[in-house]
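Next come two complexes built around subunit A: one with subunit B, the other with subunit C.
== the complex of A and B ==
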C-alpha cells in the first residue's frame, strides 16, 4: 500500500498564502489610513482600486471562518444579537466577527470606512451591510444591478451606468479621491489579464486528467475575487497557469487516479474541503464548477466612458444575476465542454439566490445532457446544517450509478 | 465456481436490521429481521449469527455486503453499497417490470427510478424531517393509543379523513391532538394521518417522475391505509413484495454474489 495522498497539492499554494497574508496586512494599513472598504464579491472593484481605495471581502472572511471550523461559534455571536439562524452564514459570520473581533482568531476584518455592496450576487447584501454599518458607523453604497431575464436592455445598461457614476461620486466624497482615466485603464487592464489567465487555468481542466480539482480552484480563486486590478494578482495567475500547463503537458492530474468526472454546483462547504479529497481517493475529480466559472468576461475599453460600459456589461451578467434558464445552459455547457459523467448540486441553506430552483434544474440538466446528478443539502459556513452521513449516502448512490 | 458460493446482505436500518442469505442460484436460504435497538453492531452480529445457523453455513463460505444507514458499522462486510442501489437490485430480482420504487422506512423514505438494467437511474430521499417516514406513523399511533399494526386498519374504516395540513411531524402531532379535542373520530384522524403521509411521498415521487409499474417496500408498505391513499394519489396500482422489509438485504446479497463472480 502506498502512503501517497490521493490528490496532488499545488506548488502555487505557497504563493497563495503569501498573497493572503500580504492582503491582510495591507487591509490593516488601509484601515488605519482611513482608506478601507468592505466589498461584496461581485462588486466592480476596478473602480475603488483605481481610486486608491483598498478592498477587503467579508465573504472571504466568512470562508476563512468556515475553513477554520469556528463557523457555528462566530455565527452564534450574531444569533446572540438576535439575528435568525435562517440568515446567510456569511452575513452572520460578518456581523458576529464585527461584534466580537477579539474572539475570532482569523477572519475578523479591520474596520472599514465604507461598505460597497452590489446585489448581483444576492439581495441579503444590502441588509447585511446595513447591519455592519450600524456596528461600525461607516456608510453603505449599494450598486443596484436588477436581475437579467434575457438580453440586457439599453435602459438596464443606462440604469446600472448611472449607479457607477454615483459610486464614483460616493467614493470621491467619502475618501477624498478622484477617478483618473489612465489609472482606471491600467487597473482594468490588470483585472482583465488576471481574469483571462484564470479562465485559461479553468479551461485547462477540460484535459484528462484534469490538472485542478474543485478544492484547488476554490482556494486559488481568492486573488481574483479580492485583488482584481492589482499587479500581484495578475502575477499570481501567471504562476498558477504555468503550473497548470506544466501538469497538462506531463499528463499530471489533480488526483492520482481519475475515474469519474463530475460538475460541482454552488459554494463549497468550507469547513469540510476534505469532502473532495475523500472522493479523490475513490477516483472522483471535479474538473468544473459553477462557482469559479462565475466570471466570464473582462473589463475592456479605451476611455473612462467605454470602460464604464464594460463594467456595466460584466457585472450585470454574473452567473447569479441571470435567470434559471441561463444557469441550466451554463451547467449543460460545462458538462459538455469538460466531458463530465454527472453532477453534484449543493443546496446551500444560506444562499437562497444560488440554491433556488436546483430541484427543477437538476431534472432539466439530466434531461438535456443524459448524465445523472444528485442534490445534497448543507451550508458553506454553518457546519450545524451539514449531515455527513446523509450526504455520503446520496453521493455514494450517485457513484454506484457509474459502475 | 467462486470461492464464496453464498451471498449475505445485511441491511442496517434505523428501526430494524434485516439479513438475507442466498445460494449461487439466487435461492433464499434464510432471512432474519429484528429491531436495531440501541446497538446496531450487536443487532448485526445477531442477525448474521442467525442467518449462518439457520442455513448451516460458515462465514468463510459467504461474501457479505452491508447496506442501510448503518452500513459502515458492518465490519465483517466485504463491501458496503447504498440502500438505494440495493433496493433497486432487490426489487428488480423479485419483479423486473418495476420502474419506480418507493421505499418507506423508519427514518427516511426514498423514491428510485429503476432502469431496465435493474440499477437506479434517478432517486430522491426525504430527510432532515421525519414526516413521510415510519416515525411519523409511530408518533401518530402513540397519540391515537393504537399499535402500529392497528393504525392502518383503523384508517381504512373512515370515509371522511380529517385534513392534517402540516408536513412537520411535531406540528402534525399537535394538530392531531387538536382534532381529538374537537371530537373527531379516531378512524377519521387515522385516515387523515395516512392521507397526509401519502401526499408527502406522492410529491417526492413526482419529483423523480412517476413511471409504472410502481413497487412499494420498507416496513410502511405493510400498512394498508398508506397503500390505499398512495395508490389514490399516484393513480396507479402498487406492487408490494411478500416481505417488503427484506428487499434491500436481498439486493445486497445478490450484489455480493455478482461481485464475487467478477
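== the complex of A and C ==
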C-alpha cells in the first residue's frame, strides 16, 4: 500500500497562513488605534474599508475555534453566561471568546469600536452582535436587507440604499471619517477583481479531474471574506488561480483518483475537515458547494451613487437572502454545470437560515436532476453536536448507489 | 379557562364565522395589519399552537426548527387547523418563520400562503416607507386572491373597532398592574385571547361590558392614575409616571416572545403559592405588545398609517432595539414594583434565547429576581416547568 495521501495539498496554502497572520496583526493595530469593526461575512465591507475602518470577521474566528477543536469549550463559556446551546455556534464562540479571551488559545479577536452586521445571511447576526455589544460597549450598525421572494422590488432597493446612507453617516460619526469617491472606486475595483479571480478558480472545478476539493475552497475563501478590497487579497487570488489553472492544464486533480463528484451544501464541520480527505481516499471529490459559491458578482459603478447601487445589488442577492426556489435552482445549476453525481446536505443545527428547508429541497433537487442526495446532521463548530458514526453510515448508503 | 379550552373556544368562534360565510385569514407574527385585512372583508385570526398535536413535522422540518413552527406544521400535516382562507407569514422577522413559510408553500401548494416582510427595526421614515409598500403589495395580492378590493369605509370601521378593542385591553392591563384584585390575569388573558381569535364587534362589546364592571370600582383618582399609566406604557416611557403601588403582596411579571397569555394563565393556575394578585403583567408578543400598539389614524394614507401603527408598537425580540427594550424593562420593574421576573424561552427560538440573558441581567441590575422558563408548544415538560415556577415563588417569598 502506498503512503501517498489521497489528496494533494495546494502550494498556495502557505501564502494563506501569511495573509491570516498579517490580517491578525493589522486588526490588533486597528483596535489600538480605535479603527476596528467586527463585520459579518455578507457585509458590504467595501464601504468601511474605503473609509479606513479595518474589518475583522467573528465568523472566521468561529471557524478557527472550530478547526482548533476548542469549539465545545469556548461555546461553553457563552452557555455559562446563559446563552442556550441551541444557538448558532459561531455566535456562542464569539460571545464566549469575548467574555474570556485569555482562555482562548486561538481565535479571540481584538476589541472592536463597532459591530457592522448585515442580515443578508441570517437574522441571528443582529442578536449575536447585540450580545457582543453589551459585552464590549461598542455600538452595532445593522444593515437591513430584507429577504427576496423573487426579483428585488424597487422599494426594497430604495430601503437598502437608505441603509447604506445611514451606514456612511454612522461610520463618519463613530470613526470620524468620510467616504471619498476615488477611494471608494479603488476599493470596489480591488474587491471586484478579487471576486472575479476567486470565481474563476471555482469555475475551473468544472474540469475533470477537479483541481480543488471542498476543504481547499473552504480554506482559500478566507481572504475574499476578510480582505476583499485590499491589495494583498487580489494578489492572493492571482497566485491561487495560477496554481489552479496549472493543475487543470496538467490534468492534476485535487484528489489522486477522482471517481465520484458530489455537491456539498452548507457550512463545513470545521473541526473535522479530514472528513473530506477520508472520502477522497474512496475517490469522492466535491467540485462545488453552495457555501463558497455564495460569493459572486462585482461592485461596479462610476461614481458614489452608482457604486452604492452596485452594493445594493450584490449584497441583497446573496444566496442565503433568497427563497427556497432560488436555492434549489442554484443547486440544480451547480449539479449540471459541474457534472455532479449526487449531493450531500449538511444540516447544521446552528444555522436555521441555511438548513431549514433542506428536507424539502433534497427531494426537489433529486426530482429535477435525477441525482441522489443525503442529509446528514451536525454542527460546524460544536463537535458535541456531531455524531461521526451516524454520519458515516448515511454517507456510505449514498456512496453505495454509485457502485 | 385552560389553554386547550381556549383553543376549543377559538375553533368554535372561527367555525361559526366560517359557517356565517366569513373568510378567516390566519397570521403567525403578532403584528399583522389587522385593519387592512378587515378592509378586504377578511377576519384576521392568530394561528395558534396546539399542545395536543405532536410530531407530524419530521418529513419537512428538522428538530431544531423552533417549537412554534414545528407545532404549526404538525397541525397542518394532521389537518387539525380550523378552516382558513389563507395564512400570512412574516418575512425578515426570524430565520425559522422565513424558511418555514417557503417550506409550507412547497408542502401545501393548495394553501394560500402570503408573506408580509417587515423592516428589522424602526429607522424612521425609511421603515415606514418600506412597510407601507409591503402592506400595499399585500393588499393588492388580497384583491387578486379573493376578488374583494380594499374598502375605504371598511378600513375606517376596522380602525375604529381595533382602537376600541386595544383601548379597553390596555385599560385592563393597566388596572391589573395597579389594582390586581379588580381583574384576574385569567380574565385578562381570556379577553386578549378573544382579540387574537378574531377582533369582532361582539368581542369588543363583551370587553366593554366587562370594563363597565371594573371601572365602577375605581374612584376618580384611581381612574386618573390608570389613564396616566396607560399613556406611559403606550408611549414606552415611564419616566413621568409616579404613583404609589401596593406591593404588600409579591408581584411577578413575565417576559419573552411568542407565548400566549392564556398559556401562562393555564400554567400558573395550579401552582401552590400563587395568589390571584401574583402575576401582574406579561410583556409577551401575543399579549402586551399586540395590545399596546398605537391606533391607526384614519386621516392619512391607510397603508402608511397602518405601517406607522405597527412600527409604533413595543419592539419584538426579532427586531433591533435591545438596549431600548432592556431600559424599558428596568423602568417597568422599578416603577411598577415588580419583585420577580419570569423569562420565557421557546425551544429553539433564536430571538428568545439570545435575548433572555440580557433580560435577566437587566432585572438583576435593578435587584429583581429572575427565572428562565424554557417552554415548548406542547408543554411537554409541564411538571418541571410548574416546579420551577413554584421554587421561584418560594425563593421570592422567603426574601
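To be clear about the criterion, the second predicted complex is superposed on the first by the 403 of 403 C-alpha atoms of A that agree within 3 Å, B and C clash if a C-alpha of one lies under 4 Å from a C-alpha of the other, contacts with A are read in each partner's own complex, and residues count from 1 in each chain.
Please note the rule applied: contacts are C-beta pairs under 8 Å (C-beta built on N, C-alpha and C of every residue); 3 or more make two chains touch, one makes a residue touch a chain.
Computed from a predicted structure; not experimentally measured.
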- Message: Which partner chains sit in contact with A:359 here, subunit B, subunit C, both or neither? Use first/second/both/neither.
- Response: both
- Task: Examine A:122 and indicate which partner it touches, taking first as subunit B and second as subunit C; both and neither are also allowed.
- Result: second
- With the two structures laid over each other on chain A, which partner does A:155 touch: subunit B (first), subunit C (second), both, or neither? second
- Message: Per the contact definition in the header, classify A:239: touching subunit B only (first), subunit C only (second), both, or neither.
- Response: neither
- Task: Look at A:147 in the shared chain and tell me whether it touches subunit B only, subunit C only, both, or neither; answer first, second, both or neither.
- Result: second
- Task: Report for A:347: first if it touches subunit B alone, second if subunit C alone, otherwise both or neither.
- Result: second
- Item | Partner with the higher number of touched subunit A residues, subunit C or subunit B | C
- Message: Contacts for A:82 in the overlay, against subunit B (first) and subunit C (second): which applies, first, second, both or neither?
- Response: second
- Task: Please indicate which partner A:273 is in contact with in the superposed arrangement: first for subunit B, second for subunit C, both, or neither.
- Result: neither
- Check whether A:390 is in contact with subunit B, with subunit C, with both or with neither, and answer first, second, both or neither. first
- Do subunit B and subunit C land on any of the same subunit A residues, and which? 359, 377
- Task: Note which residues of subunit C are touching subunit A in the complex, please.
- Result: 59-62, 64-65, 91-96, 98-100, 102-103, 105-107, 115, 117-121, 123, 126-127, 129-130, 133-134, 137, 317-318, 320, 322, 345, 347-348, 350-351, 353-358, 360-361, 372, 374
- Item | subunit A to subunit B touching residues, read off their complex | 359, 363, 366, 372, 374, 377, 387, 389-390, 393-394, 396-397, 400-401, 403
- Item | Complex contact set, residues of subunit A against subunit C | 81-84, 86-88, 91, 119, 122-124, 126-128, 130-131, 134, 140, 142, 144, 146-147, 149, 153, 155-156, 158-159, 162-163, 166, 323-325, 347, 349, 352-353, 355-360, 364, 377
- Message: Which residues of subunit B touch subunit A once you look at their complex with the stated criterion?
- Response: 69, 81-85, 119-123, 125, 127-128, 207, 209
